[in-house]
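Labels run A, B, C and D following the written order; every chain starts at residue 1.
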């Protein structure tokens, strides 16, 4: 696979170097230079929010470090969790005395390394709470919802908990908002073409030139079905229905929507998808309060898209609309 | 028979070579259900581990700790992290000793396996490297035979693969994909075969 | 080519519908619904800025309608200029009495249609000035620089002239800033894989799986050379040198940089490119005042990237940093 | 011979059919140097033009104006716009008449050609549709032969393609690519062949 890189083994570090050179508001710290943090340390007493995960998903994860969002982010190799030392460095950096929320996707490696790092920093009396993104409804059955993986919907939790932390909420409150957001968020993806690990010529999944796969994850994890590509409206209809089938209990009619591109899918296509999402949600009586369309969580050159719904209450809506600023996403004026 | 820092260092070099040889095979096993990186990740990890200056280390617990540290610097993947968890467990148990007795190996594997299960939130029977270790632990601990340890370990790691081939995987992409895993070998269990074979291959 | 669409002939209209549904600050106007305009009309007396061009380049063109940027945008079919009526509608909408700057790429169809539309509105005493983007150094030799086509560098001119208009400059002044920016901007692109017109299975250019083409345009126009893919640093070095070979006279050391993705190229790769751009420009004694890295001007699912340099003076730098806000780009706080 | 709204309407239907038949050929000619849309764009344009209710129109100038309007609603491409420019030119010149005399066709083509050159900022010899029109204009205006107009026009449009094949293009991606255009037929000139052939093919 053709990539504009120098060497597979330098991919992550050169990417991080470029990112922080282009965005001096972000700094590369940590023993191995695998932690991205805000260059200006947050005000004392603010709860820190840390995320992390494998590389290859920009803007996720480290692109969301910024005001009203994350404080630090531990970065792993492509599609691998961050190592324990990076998780520890990120947590220590994010702590300014009020504790740290670790908020990341529910992947084995990520979880083990963050857990071990949390145990280490807790020995130094840093309070840590963990909330895991579990929005991908295709990654496990509803009865095992806790086993689901975190994908694009994680961005909603970054935003709400980040806003709550910026308003000087306690660790308890910030974690509660993150958990509440995760519990109210559902995502389903679809893949048209795979991504490739740097240096590899084998794709993250195999698919015929005319096929689409419903339910693929952000590493190309296998989905629910695969069939010849259908019309965009038909795919959206199924996605909306699958998400609504799993909507949480006791929700209102307000939703936030993220139509997310996986990398190679054009903005044009994402807007064609959004058009139908809006029609269908309107039809079901929902009101879209926060529409997001773009490539927020990618899988390098993978073609495809995901749809995330976050079922809002007033508080979450306010937090989603609160000012925030990171290299890839600005909301309101700070 | 005892394991010294020197024999451990030799084994590490064999593991590195064996993983390099099996890299593509392990990747392709992982690509059927996972992200296709088992071989590359382990090669990278054991290359770093093989770079440790074991000559400068006397304490075998210290040697395991350095292995955990070097391995950890290269990956945060599930399998890699589980191996690091195992190394840390053995490092703690052997700290302060210059060697490790062969009779204790089964117990060390058992302790490592438990630590991995706790950290990985997985169980015996989930069709993972844990099941491979479980087979190896039981084969090594078997006092009813005098077949050499090494042979028993190698055979057990392979038997685990055979035994689980037609069972369903219960970690990773979980239940929705479980059916597809029937008939496929778990890459972590295959990787264990490679590692155990390299350890055993001491002549 | 797999696209998430319903029908090739509905591609543009459904995309525009989705865009304006997701961004209510933009409205679709004009007889044929092929003009995107700010929903809130600019204050009376502000010079209007209009752009336009073919579809398939989002965020260009209509994604740049917003405060401190464009007022209206005429949209054509994929890779075709907007028709005359759309150009006319866009100009009329953007006029609030102080005249209108038409600022777009130097493509035949676009120019003819904007020219004819301008002649029509001038009959109604609307003042119109035209500035054409001509930044693509690979599209004609230096002696024929006026024949060059406008590509990603156009975004700099949108930003500077938009800021000048927001500061209530006269049409003369706004056009002057646009022209000055264009004159100081140079771009070169490279293509790794083509884009496909909706419904077509023939790519915009042909390229072998292991090749790169230096100098491709944003419609896949043929470039300068084609060869097996090289290391990213080597490609960047050539691009930087080609751009500096053509730098305008009497410039200082300050530059704005845009490392632009053509669609399918990941942000990770763009940052790897930026890292080298920064190294090289530092080496040549330039100081990057405004670094932009992202997909600002695309060609649907084309893989590749372009590098644009805008050689700054103090005024252009101030204008580039002035507040602005459109769906895809926010600068500062408004 | 005169051209009426009726015969114009018939010719439009033939043009639509001919462009549809040549669509892929024209696209592929354009894809060698351009963006590969000449055929699709013209098909779309002439489909819209063929939808005009010519029955309701008496004035031939009016008919040309409606053609320009309908064509314009479908495209802003270079070639499409140039054709619209030509249609507007003829519409202005024939406005108020119910028919157009065959003897005036060469002059109309000449006027259209000039308007297109002005709007397109291109010249005779640039290897574009303009050169095709130039050949056709001269062939039709030639009073030294009594070969039928239609035949002369068809032949001239083809001769132009042959004549320019080994010359270099001077519009579009300009000089840097000029060398590559040698040996390639200009898609606009090819499209003119299709159109002229369809007009001529009146029986």
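Keep in mind that, in the parts below, contacts are C-beta pairs under 8 Å (C-beta built on N, C-alpha and C of every residue); 3 or more make two chains touch, one makes a residue touch a chain.
Small disclaimer: the values here were computed from a predicted structure and weren't measured.
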Determine the set of chains touching chain C that also touch chain D.
none
Quick one: which chains contact chain A and chain C both?
none
From the C-alpha centre of chain A to that of chain B, how far is it in Å?
32
Please tell me the distance, in whole Å, between the geometric centres of chain A and chain D computed from their C-alpha atoms.
54
Expressed in whole Å, how far the mean CA point of chain B lies from that of chain D is 75
What's the contact topology between the chains, one of line, ring, star, complete, other?
line
If two chains touch, include that pair; go through all of them.
A-B, A-C, C-D
Touch list for chain D against partner chain C, complex
27-28, 31, 33-37, 40-41, 72-82, 84-85, 119-121, 171-177, 180
Inside the complex, what are the residues of chain A that reach chain B?
32, 54, 76-77, 79-87, 107-113, 115-116, 138-141, 144, 147, 149, 197, 200, 202, 204, 215, 217, 219-222, 224
Report the residues of chain C in contact with chain A in the complex, numbered from low to high.
2-7, 11, 14-19, 21-23, 55-56, 58-59, 63, 192-193, 209-210, 212, 229, 231-233, 235, 259, 263-275, 278, 291-295, 298, 300-301, 303, 305, 328, 330, 333-334
